[in-house]
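Comments concern the structure below.
Going in written order, the chains are labelled A, B, C and D, and every chain counts its residues from 1.
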Amino acid sequence: MRIRGVFPPITTPFDRQEVDLTGLRRNARRWMRTKLAGLVALGSNGEAPFLDEEESYAVISVVREEVPRDRVLVAGTGRETTRATIAASERAAGAGADIALVRTPSFYKSRMTSEVFVKHYTAVADASPIPIILYNFTAVTGVSLPASVASELARHPNIVGMKESNPDLAQIAELVERTPENFSVLCGSAPTVYPSLCVGAAGAILALACVVPELCVRLYDLVQEGRHAEALALQRQLTPLGRLVTSDHGIPGLKVALDLAGYVGGDPRPPLLPPGAAAIEAIRDQLGILMELTVENAS
Amino acid sequence: MRIRGVFPPITTPFDRQEVDLTGLRRNARRWMRTKLAGLVALGSNGEAPFLDEEESYAVISVVREEVPRDRVLVAGTGRETTRATIAASERAAGAGADIALVRTPSFYKSRMTSEVFVKHYTAVADASPIPIILYNFTAVTGVSLPASVASELARHPNIVGMKESNPDLAQIAELVERTPENFSVLCGSAPTVYPSLCVGAAGAILALACVVPELCVRLYDLVQEGRHAEALALQRQLTPLGRLVTSDHGIPGLKVALDLAGYVGGDPRPPLLPPGAAAIEAIRDQLGILMELTVENAS
Amino acid sequence: MRIRGVFPPITTPFDRQEVDLTGLRRNARRWMRTKLAGLVALGSNGEAPFLDEEESYAVISVVREEVPRDRVLVAGTGRETTRATIAASERAAGAGADIALVRTPSFYKSRMTSEVFVKHYTAVADASPIPIILYNFTAVTGVSLPASVASELARHPNIVGMKESNPDLAQIAELVERTPENFSVLCGSAPTVYPSLCVGAAGAILALACVVPELCVRLYDLVQEGRHAEALALQRQLTPLGRLVTSDHGIPGLKVALDLAGYVGGDPRPPLLPPGAAAIEAIRDQLGILMELTVENAS
Amino acid sequence: MRIRGVFPPITTPFDRQEVDLTGLRRNARRWMRTKLAGLVALGSNGEAPFLDEEESYAVISVVREEVPRDRVLVAGTGRETTRATIAASERAAGAGADIALVRTPSFYKSRMTSEVFVKHYTAVADASPIPIILYNFTAVTGVSLPASVASELARHPNIVGMKESNPDLAQIAELVERTPENFSVLCGSAPTVYPSLCVGAAGAILALACVVPELCVRLYDLVQEGRHAEALALQRQLTPLGRLVTSDHGIPGLKVALDLAGYVGGDPRPPLLPPGAAAIEAIRDQLGILMELTVENAS
């Protein structure tokens, strides 16, 4: 199995701070009417560090019911200890996840050496009943999983890919080059999807794909078909909203965009704050442009 | 109540990865035979992010049994969400903690604005049955609680102090100046205890105080008595081991030092790795010097 | 005039620490036998901050004699003050440069606001007898010229392009999008040339192009012709040496590579140190691979 | 000779962008009526990177005429190459400087290894006709001179001290401990003068001492006399203006403060911009408080 294509790292909707499983199911069902390769539950955009283990299990279970077996359900299972990560991966598998997305541990930053990463991921991959994807997100964790470590870990039969959220293309390209053909490097940054695919990324995990899944899939398809000029043009159209729902306004912005697009968005859990009026207007404007584009493409 | 004096942020001993409550109790009992102002359980040095809620409760309960009522038991209760932090503070209070030490939330770094911190800490302080201490540890969290925010929060009747782990004395001095007399600024960095006390810090929370509590208390006392030359001389003797059990070798180093000093140290939970032989030798050497000094001072 | 294609930021050879104009001329002559778009003298790789104004003038003059009028001679003229930058640009024009490459001032980092950059570059562009290219190299300067500022400055008739040395493709793409068609965004990082060209960069200024100019030009041509698979394959072959002569071993490594490739390399000025034996071996190996490839391509 | 006491890193006044030697002389004369230990010309606050070699020579020569032989004239001579630094130190000595203050070279940051620093400073110290002071200013240079390197260099007979501008007291304390008694560690950050002196710094080089020299000298004297409470109180009064003329508003702010205090301030050279009206008001307020304090202390 090679992971490829576009995945949305889905949000976790809340209703007065409680997980809204009904809203979650509604969203999942709608996403599954598009050509997304699957869903990623409990990634950073899913407010995973905000959920307890029971809530996490419920989220995966509900989503699994909506994701058919021929699409891939990825679930975030990274925890700070090796044993908690293994336990979370086992629970995720039990709840129906196909793949575990395992963020680097990072609390004790200065201790997170290459040796620590190799031992941690090897132990998790050895124990996990489902394959795992490495996940490097330096802007959030403050640590970096070097390409040399990823390259070594890529030889493990139960480690099948890596999500890299850094827009540094030198890093993406190095990961592709230093890992086997069937290891999937996945881009995690909306503005660099097109160039990442150019240098060999297998796909992308994009907040933006929660909001405008069809266009993100189309971008992927255009590159597969070698239609570079069109791909670049579409990338340029997608980038502004991509920034608004990530670096500019984060999860609160993403949830606003979902609400505006007819999905169940809602507020994040505190201490995250809903975005201000100006942010909402900016999101509405960019979303409007992309909705029209979606319709045009569909017809 | 003004928090003052020296506190050790105690480690959590493990026996084959399970919390060793017997060892924990033994350590606590021994610490209480010194003149430490109290204990801090479940701080960063307590591997707090590695424990689940049940383990955390057990740790606080056991330690409380060893900390007499005239000394202060502080417990770390910082979580990523406001509600989880409140819940942890309530549980800690229920288990007998006098004070909650609340680390800044930090996962979604770019969203951690001053407004977010003010709302988060205000909500926690409003709800917590016990007073709270703010906790800023930028090297670990990647976010910084500005002095202006601390100054605003210091007006809340249930916020009684702040632990600042940055060795930047401009920051420590600014915190002291911008907060009321009865608000306790606590130094969290061994090499800067003496100058921090010079500029008005009320005390210190020091990994080193787990290993050589008597000397750390003596340093504090010397400054209170205005014996600056002796305080500086002692600070210089303490600094090398202080570095070895924090910035140089972290919790694994601290646990080695505890073992060597006759406490229950043990291994950290993976992915943290025990230190190598050279680190152990360096710790042994510095500890030997300080043990002799402890004996000299005692006689 | 739109700047496009591949430029090498040429080194300044020294003979016992004095500028070796003869060696410089020999190198320039040989580069001009390739299809490079021109040369960049006195960039960061030219040890520009190590030369005085007289030496700088001599370097430009000699290089000009070897660069025919139908190719472009760019000269670095960035200084810390606006007036010194203007004076250097005037001297460079007098010595025959076609374009001035103006690095951001950066010594007083915290004062380098957008307003400062706009005023500085506008004054330089107003006064310079030759067009200027903005130059952002955050890894060296510690400051960043935001895309919004570049976008504003791109409207000045005497500002014709920007060199961006950051491998962040989101940044490169944003610069391309926010500047007019005839404004040239030039990539300054060897591992990201191919994706940069994909998203619309007009060319590249590459240390690697000093050593293997033909292959760098070929990479550019392949992208122009839409031969993406071949371009990617060549990019992958070029990246390892590209890293060795920049991030890994810097100018000292680049000069070793030049010596090995039959150019005049030599030692940098102290305090820069020549690389060690292991670095030289690594460079020799990668250079060997690329030399063979050059011959294959030529035949 | 051991360097000790308080030094102002004097500004370079300009009159329509040309060095105003008359204003400079006037300032120097007035500073010499206080008990400052001497003057530092051409430091970072002297806009040293903005002056050419001739201007630099003129500045030192004029200042020397006003600094009597029993006070110390320090001149900044750091350049990017070893040979230019040596040449500048020789010229400074020729113009009458007693000591050369040598900032770390820093342009090629990633190449600035410990070995490079040791070789550079050793060569400069070997060749300089006057003793040198190491100068570490990471916030500006982006590189750091480690305590281990300073410790090694401190053994050179012609290296007599180090200015450390970082407010990290762990660093200041480590420098004091790892260097001989007669090696002077000088604090370069106004908010941390008092604690730096507590841990053994020999003195301070302070922008603030340009504006309120008497109070800065008094702070130093109070610590020498062991009057800690008074020293701390004075430190607290000095800190706000200290911040305004450095981290908050930099040289432009310092020059405004000088104008307000009756010295020759003036505008910095572009691209530095004069501060806005709000900054000027804040400076005026804090300066007013300190001027009154100066008068009180004098009477």
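The criterion applied here is as follows: a residue touches a chain if its C-beta (ideal position, glycine included) is under 8 Å from a C-beta of that chain, and two chains touch if they have at least 3 such contacts.
Values in this document were obtained by computation on a predicted structure and should not be read as measured data.
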| item | value |
| --- | --- |
| Most widely separated chain from chain D, with each centre as the mean of CA atoms | A |
| Interface residue overlap between copies chain C and chain D, same or different (over half shared) | same |
| Angle (degrees, nearest 5) of the CA superposition of chain A onto chain C | 180 |
| Whole-Å separation of chain centres (CA-atom averages), chain A against chain B | 36 |
| Chain A and chain D: spacing of chain centres that average the CA atoms, whole Å | 51 |
| Sequence positions of chain C contacting 2 or more other chains | none |
| Pairwise chain contacts under the document criterion | A-B, A-C, B-D, C-D |
| Chain D residues within the chain C interface of the complex | 17, 44, 49-50, 52, 80-84, 105, 107-113, 115-117, 119-120, 123, 139-140, 142, 247, 250-252, 269-273 |
| In the complex with chain B, residue positions of chain D that touch it | 167-171, 173-174, 177, 189, 191-192, 194-196, 198-200, 226, 228, 232, 235-236, 239 |
